[in-house]
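After this come two complexes, each holding chain A, first together with chain B and then together with chain C.
Now for the complex of A and B:
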């Protein structure tokens, strides 16, 4: 799994993941994602190139979202593929970490007061 | 994973190690291709199989020994049957689905979603304990199946 970071306006980090977010994928990105959530405040995880999200991947997303929240930051998810989005809905994660299909709306939500 | 005539084996035995998950996924996709299943259905089978095998690897056995996990896939008309069998301690996952975790950004357990994911996509789940083995049978429906 690959991880690329793009800085957007307003101090938002767009974290583009590519590949399967399974146990192997999580191992490959966990350290970098944890470092980002420890240092930054607004993380937008771009899932457009993630065709597979297993519960271990959900655990990673939620753990990092929780760390951000504790630091006063926020996480949002961008453009999940249809099966990934269904998994986010089924597990209830969609109601915990907001999901967007529009970059502007995601950015606005991240910057909005809590 | 293919027999001498090139057909994908309907059964697979893997070790209870996370490194085996890629082999499981490859087998599921090869089997799905053999039956010309739509990509979306193959992805669902891949995901559910991965969740169940991961559960078995993570929770079935308490020792560090290598234990086998047996998998099989069968198709009959519009029904696909996946079986996952291990030799771990007795564990009925259907009892645990009812206790799916409620969590939020402030508190609550993180984890435990795998069986809920499988139940969402499956038509039916059935657990049986026999000969010191756990066997989970999951039935999926192929919505676009047409008789030949």
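Now for the complex of A and C:
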């Protein structure tokens, strides 16, 4: 699994993941994602290149989202594929980590006061 | 990977890929030893490995040696418990065997000191008690009754391995001792020999990993086989059996199993493991190398990985508790 970081305006980090976010995928990105959430405040996880999100992957996203929130930051998810979006919806995760299909809307939500 | 359309459901790439990856990750593990305390079990090929997953809407996915027969052994305990509950009712069954984890080995000769009854039906003492109850209810038709229900749960006609049965019957001195101690404490009633014979025979029933998956799907589907539509187990008995499988099904590894995997399951020293995800899935694995507690090494690994892959654990952050409550709030 690949992880690519792009700095957007307003101190937002766009974290682009590519590959299955399963046990093996989590092992490959866990440290880098944790380091980012420890150091930054606003993380936009781009899921457009993630074909499958395993429960261990969801747990990783939730853990990092909570770390961010405790530090006054936020996480949002961008452009999930239809299968992944369905998983996020059915499991109720989208009510905890908001999902967007529009970069501007996602950026605005991340910067909006809590 | 076998034909994913073996059931009625369209192929599903996420399940196929996930299952194949888990299978490939577990295949190289050659840890553990084949059971040897029943001589005939020591003759199996230790490298065989099969995994199958069946859904309650009739889908079946499988990898490896999923259609290779092996003896069901202690996996049978979960199913026979279900049948005893149906035949005799909860109160009568609970009067003879408890529902508490023992923390002892599967073949331990130990009873609950407070009740003088076996701790639970998933260890040998409890399972022999259950066999005695079924024999009491069905007499000479008990074996036919068990075989018929097991077959309906698997969706095909099952048979007994005569060689394993003979091996079990000839060398099962410890189980015979347990049977006589059950008579001594009043947990079982005489004659005990036919009950022991029923127990040895039920353990020698031949199944495949795919059978275990379909049996699991039958339990997951509230007792109705999703492939045949046949009603196999009583609704209340399924709930009770799954509960005891959850707390006691993996011998003295049941605590760590609940922590890591978090679904009801039952293992057998033949190398099989049957797991149930309530209202969704049955999972069957076969790999005969066992850990020191009698559980299949690769089977355990498969379940841990599938739980992480598909969010099977009852307390996974992606799972809701009561769907009924969810509809209310």
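Methods note: the second predicted complex is superposed on the first by the 114 of 114 C-alpha atoms of A that agree within 3 Å, B and C clash if a C-alpha of one lies under 4 Å from a C-alpha of the other, contacts with A are read in each partner's own complex, and residues count from 1 in each chain.
Throughout what follows, a contact is a pair of C-beta atoms (placed from the backbone, for glycine too) under 8 Å apart; a residue touches a chain by one contact, two chains touch by 3 or more.
Remember, predicted model here, so these are calculated numbers, not experimental data.
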Exercise for review: Record, for the superposition on chain A, whether partners chain B and chain C clash or fit.
Suggested key: clash
Practice item. Considering only the touch criterion stated at the top, classify A:66 as touching first (chain B), second (chain C), both, or neither. Key: first
Check your understanding: Residues of chain A touched: more by chain B or chain C?
Key -> B
Point to revise | Partner chain(s) touched by A:83 [first = chain B, second = chain C, both, neither] | key: both
Exercise for review: Classify the contacts of A:23 with the two partner chains as first (chain B alone), second (chain C alone), both, or neither.
Suggested key: both
Review point. Does the superposition put A:7 against chain B (first), chain C (second), both, or neither?
Key: neither
Review point. Which stretch of chain C would you flag for clashing with chain B, going by 57-65, 93-101, 129-137 or 183-191?
Key: 57-65
Practice item. Determine where on chain A the residues touched by chain B overlap those touched by chain C, and list them. Key: 22-24, 51-52, 54-56, 58-59, 62, 83, 87, 91-92
Revision key, fill the gap. Within the complex, chain A is touched by chain B residues 18, 21-22, 40, 43-44, 46-47, 50-51, 54, 102-106, 110-114, 116-117, 120
Point to revise | Parts of chain C lying in touch with chain A, wherever the complex brings them together | key: 14, 17-18, 21, 25, 305, 307-313, 316-320
**Study point:** Interface residues, chain A side, partner chain C - complex
**Key:** 20, 22-24, 51-52, 54-56, 58-59, 62, 83, 87, 91-93
Review point. What part of chain A is in contact with chain B in the complex they form?
Key: 22-24, 51-52, 54-56, 58-59, 62-63, 65-66, 69, 82-83, 86-87, 90-92, 96-97
